[in-house]
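Consider the two complexes below, in which subunit A is the common component and subunit B and subunit C are the respective partners.
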Partner chain A sequence: MSLTTPQGPAIASVKEINRAGDILKPRGGPNNSYRGPRWAPYIFLSPYFLLTALFFIYPLISAAVLAFYQTNGPSYRKYVGLENFRFILGDPDFHTAILNTLVFACGSVFIQLPLSLALAMMLNARSDRFKSLFRLAIFAPNLVGSVFVGILFMMLFTPRYGLFNQFLQTLVGWGLEQRWLADPSLVMPAIIICTLWMYVGFNMIYFLAALQNVDANLVEAAKIDGAGPASIFWNVTRPAITPVATFVVVTSTIGSFNLYELPFTLLQGSGPNNSGLFAVTYLYNYFNSQDLGTAAAVGWVLAGMIFAVSLIQIFLSGTTRRDR
Partner chain B sequence: MNWLHALLIVLVLVAVPLFAISRKLGWNYLRVTALLCISTVMLLPFVWLVCAAFKDRTVMNEFTFVPPIKTWVGDHVRQEVDGNVTFRPARDFAVPPKPDDIIPGTMNVNNFRKLFEVQQTAQGTVTFWRYIVNSLFLTCTGTVVSLFFCSLGGYTLAKYRFRGRSVLLTFMLASLMVPGVVFMIPNWEIIWRLGWMDSYKGLLIPGAVSVFGMFLFRQAMLDIPTDLIEAGRIDGCGEFRIYFSLVMPLVRPMIGAFCLLSFLGAWNSFIGPQMYLQTQAKLTLPVVLNQYIGVYSQQYGIFLAGTLLAIIPPAILFFALQREFISGLQSGALKQ
Partner chain C sequence: MQFPYGNAALTLLVVSVLTGLGIGIVDVRKATRLDKPDIVFATFAKDHLPAYIPAIEKFEKENHCKVQLQYVDQPTVKGRLQAAMQVGAEVPDMVEILDGTMGTFTSGPLENVGFVDLTEKIKENGLADKLVKSRFGKWSSRGHLYALPHDVHPVMLAYRRDVCEQLGIDVSKLTTWDEFVRVGRQVTKDSDGDGVYDRYMIDLPADGGDALRLLMLQRGARLFDDKGNVCFDDELTAKTVCWYVRQTSGKSKISFPAGWGQNFAKTMQDATCLFFICPDWRTKQIQADVSAVKGKMALMPLPAWEPGGIRTSTWGGTGLAFPKQGKNFDLAWKLAMYLYYDPEQLGPRFLDNYILPPLTSAWTQPQFNEPDPFYSNQRRGMEYIKLAPQVPDEPAHTYAQTALGKLSEAYQNVVLHYEKNGDDGLEEFALAELKRCAERVRVMVDRNVFLRTDDRTSKGAAK
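Let's turn to the complex of A and B:
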């Protein structure tokens, strides 16, 4: 740390004086970066290159190839062309899985994220002694893994005895005998409630970080000009948090498409009438029955959907527009 | 649970006059009250978990939180009268109890005792300590290794100019978009071909470098003045030394945030260990605890006791790194 306040660097040799002269030359380049020895960046990034080649590029190609084969375990394979894709696109179970996944993704974007933002705005007020306590309480569920949360909520949703059922009964006088995990129409709300408990705190932390970007002077100025809270939110807060909000929306959509562990443990399967069948559960079922080709094809269809949805979201948010 | 109704009524009764006195005070009061209620709701499952982990197997479902205190200690006999569960002391000689009916106190540590019992497996005996050590080893090693590689990669991306950097950055951003499920099957095949099945190599090596982690560090390190690095070079630091003793101390909050995120992810990961590990003595906590809830056995009490223990390490780490975590995320992660 002594280097941060140098009283003039100790220059010892001619070589170093030359180097120092080099540094004083104006450097082009937009972002203030530094040109070290040629080899350094490549050496420093070599672990990434190696692992990416082995565990990203090769699997990507291998998955592309595998999707055209019928397999039975890793050793047997037979070329079937587009048959795998034709099969899954016509499979009603796959339609159910995609529909459930989309419903869940909408649930987490339109219910969970607004609540996270509301919580963040409630916590963000100045002069609050209990801020860190509340933050801790709301973030706490993230310390529990989704496998544990799944089984924990399986018990909380027990009809008559479960904590959640009793809580609902006390609060609104309904729900003591509801069989959340056995009634096809209640499975999805149960999963959304469960993920709400789990992830609302994490997204709240992101929004809290984003709210730091809001210029307090602008808010004051808007107040003096007579803007109401809604107007301040729309015209001052919203533009400041848009980049983070986009990031959170995209990551939580991708996360919803990757949902697997929670329904697997909460429902111990895919739920009544496949009401809890999600895209990755569907993929994993084929993986388990050694049909790797179909599983790879499902993976590709999913990847295409996620890519499309993310691009649409990023485009809609307008964060890509640099010039204005 | 009528206390809840009472609480709500009291809150409303206090809030209305306050709101009438001062609008600002009233709003603030409403805000704190709402936060208080939400925090309570968020913490209720934890309270329930702690209570349930100590409840005896026989009374698991009977009481929302805890049974009456007088039945906690000493032998009792469970009896149901009109659907209500009651207990009487086992020493009530008027009605001699059958030995099977006697409960050794409704609150005890039997769940934990059973959890730590020696298990017989095909590869010898295993205790629960073994799984704790496995999980700790895997998580700590994984976190340290990926901390090193991600920070080094992030530093390189932030502070070096080299041929192909912008192409590489675009490629990395695109690779973040590809969902993990696509790699599940081919990666399993690669691990199988490499002979890394049933060994920790298959879990540690593919996760050693994460693009997301590199981006976190890159964002934090973009703020470090280039002059500082130049000064380090003039003073004769090697490239690695600049990274290690000059740059790393300046991104301490991000190190904390990254460690916490990485630890949480590895500690709670289920799919990887479930797919790649086979020997019972090598399994990790989430996989082992999930074995207690299955088609053949549903030992909820033991599972909950294990869950309670499994929350402790991440909780300690969170308390230790809370400040760094928040400021780390605020400092760098989210700037565009």
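Let's turn to the complex of A and C:
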């Protein structure tokens, strides 16, 4: 029996659906099984497994072993047990690096992401012909490499002659000789300003995509029920964009923990008083000084921290509860 | 026969295999090339190349050999050469390394150092007496020499002669830093009252950096002593740090951080700063980057820390090392002597790279005595030569970069203290900070199992 509407058959019959299902059944299924040699699929899958084993599993195991050695380059090593972990956990520089990383991560989550969301909401609310242009303009900085951004902002932040300092002096009569990259209290704001310029547009694209998927009927219904803009955002928009927001928060946090090129090029090192020392810079310093064992131990501690922070964020966002 | 996973997958597979084969064939052809050079010489210093290229061509003709000169980025030399030497990968026969990086290559037991020990060779050739003695320390570790010094790099002050004359500054009287600062306080001022100083006495980096280090060296303060012990927590260093802080921070500062490149050029051209720290290599940079000040610049020795004291310091350096895996050490050594210590080449080369060589017998070449119109017709070469014997020694150390970082940390904390409390208890605070930071470096040195005495001679550390 076919389900019909006055305009003609709108919904296929059960038989038609079953027939379509047969056609769409994957090859290799019970009705259309693959009859080649049984080992053939494994041959074709082997490059992936081989590469994964070679470039992921082996280095992972090797790094785990290496963390218990002190090394002098790749050829000389001596077993030191947990000494590397003991040392880095008690090292004030490591504490500084972790603190800086956490501060930067907070800056990313609490400054960058709200700004991205606000920009996305503004773009989503407007429907003029310049929308695409604005979207491109805001996203464009992300197309520039972080090393280039570091060099660019190093020039912008130059005391007296830098564009940023001259702009501040003209605007508020302050800042011409501010040493953004040499004053420990200004280094973190300088890095956050750089990353805002670079990543706000990138995250905005995610939020914009999520906002465009919010059910317009629900928004309309809420308006009819008398809900104001704040109430609509909190009760309709927020739940709808939560999965995307969780993804953006988690990836931004992981990105913050992996921050390296930008501060390294901007500050040409760790900055004054280690104010630009981040977890990965700390790791790199040991790697660069041939102490691969300590670098591996830092890597494992960092991986553990990223895993824990990501779990907490996913748990707090409630995404997993909804999935269940 | 049909490919079971479709034509798209087959195409991707074919493209991937062909690309891999193509790259492999190119690499194999490169590796098996018949016209391999007799010597591979790698350098990080682009400025050295113009002089080396014609000299090497002549050397090749005279010695019937082929030398391949490679320009390699400095971080690559530091980051990869050590690993390449350890794992037996292909390395150059001779390589130029930058000041401050020798410690990376000598961080393990002496027998594991990847460079040829040149200590005896230097003695045999009498080079120990022919070169400026203070330049060996940078390339040594635990009494063993691993590279040949390329330069001396004495430091002077380059200054805007025209502006100094207008302001009535008699530079011949600036013989001590105390006098320099006294004059600097008069020069550094905000003439138009807009809250921004219009002129500064000297360009000094705000984070200390190389300027603080070279001023310490001039004063006799070092990061490590001759035995390799951390020693930057002494009173001399504390006094120097405090002096530097007073000149770079607070209302009585006399310095501005000009930085590098365009900002440095603009600061010099506008005479925002009058004096600039200037090792020999920088005289060429200034001439190339700030042509507008031609004839307006001049050079003077650094003011001394006390009357009659040392009037120079040193900044930077290049050393030539020979990896043990090099296949033709004798020929490489011959080339090194030809490039580095042939007096007839060093005179004309000075006109090109402005770098003072450490071979004292070469200084009699006429090129070192030529007046330089850019620097108000001063005999630039002779000005640096006069100071060369005073250049202080600075021994290499595995933890030199770490120590510099910790010195910078102490310096920044002293700046914060000075901005908050002024001169109150400044030197005591500086000394305490330096002790804390030096102690941290000692902890790091002590935990290096490869530098412990019992491990130096044992093979136990080797895998």
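One rule holds in what follows: the second predicted complex is superposed on the first by the 271 of 324 C-alpha atoms of A that agree within 3 Å, B and C clash if a C-alpha of one lies under 4 Å from a C-alpha of the other, contacts with A are read in each partner's own complex, and residues count from 1 in each chain.
Definition applied: a residue touches a chain if its C-beta (ideal position, glycine included) is under 8 Å from a C-beta of that chain, and two chains touch if they have at least 3 such contacts.
Keep in mind it's a predicted model, so treat the numbers as computed, not measured.
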Touching partner for A:T158 - first (subunit B), second (subunit C), both, neither: both
Comparison of subunit B and subunit C by subunit A residues contacted: B
Subunit B versus subunit C as contact partner of A:F87, first or second or both or neither: second
Contacts of A:Q290 with subunit B and subunit C, given as first, second, both or neither: second
Subunit B versus subunit C as contact partner of A:P272, first or second or both or neither: second
First, second, both or neither for A:Q70, with subunit B first and subunit C second: second
Subunit B versus subunit C as contact partner of A:N235, first or second or both or neither: neither
Which superposed partner A:A40 touches (first subunit B, second subunit C, both, neither): both
Common interface positions of subunit A, toward subunit B and toward subunit C: 34, 36, 40, 44, 74, 155, 158, 161, 169
Sites on subunit C touched by subunit A in the complex: 4-5, 78-79, 82-83, 86-87, 104, 107-108, 112, 195-197, 205-207, 256-257, 259, 262-263, 266-267, 272, 398, 401-402, 405, 408-409, 412-413, 416, 440, 447-450, 455, 460-463
Residues of subunit A touching subunit C in the complex: 34, 36, 40, 44, 70, 72-78, 80, 83, 87, 92-93, 155, 158-162, 169, 173, 176-177, 179, 182-184, 269-270, 272-274, 288-291
Contact footprint of subunit A on subunit B as seen in their complex: 1-2, 4-5, 28, 31-32, 34-36, 38-39, 42-46, 48-49, 52, 61-62, 64, 149, 152-153, 155-162, 165, 168, 175, 177-190, 192-193, 205-206, 208-209, 214, 222, 225-226, 228-236, 239, 243, 246, 249, 264, 267-271, 286, 289-290, 293, 295, 300, 303-304, 307, 310-311, 314-315, 318, 322, 326, 329-330, 333-334, 336
Touching residues on subunit A, where the partner in the complex is subunit B: 1, 3-4, 6, 9-12, 16, 19-20, 23, 29, 31-38, 40-42, 44-45, 47-48, 51-52, 54-56, 58-60, 62-63, 66, 74, 119, 122-123, 125, 128, 130, 132-148, 151-156, 158, 161, 163, 166-167, 169-171, 197, 201, 205-206, 208-210, 212, 243-244, 247, 254, 257-258, 260-261, 265, 268, 279-280, 283-284, 287, 292, 295-296, 298-300, 302-303, 306-307, 310, 319
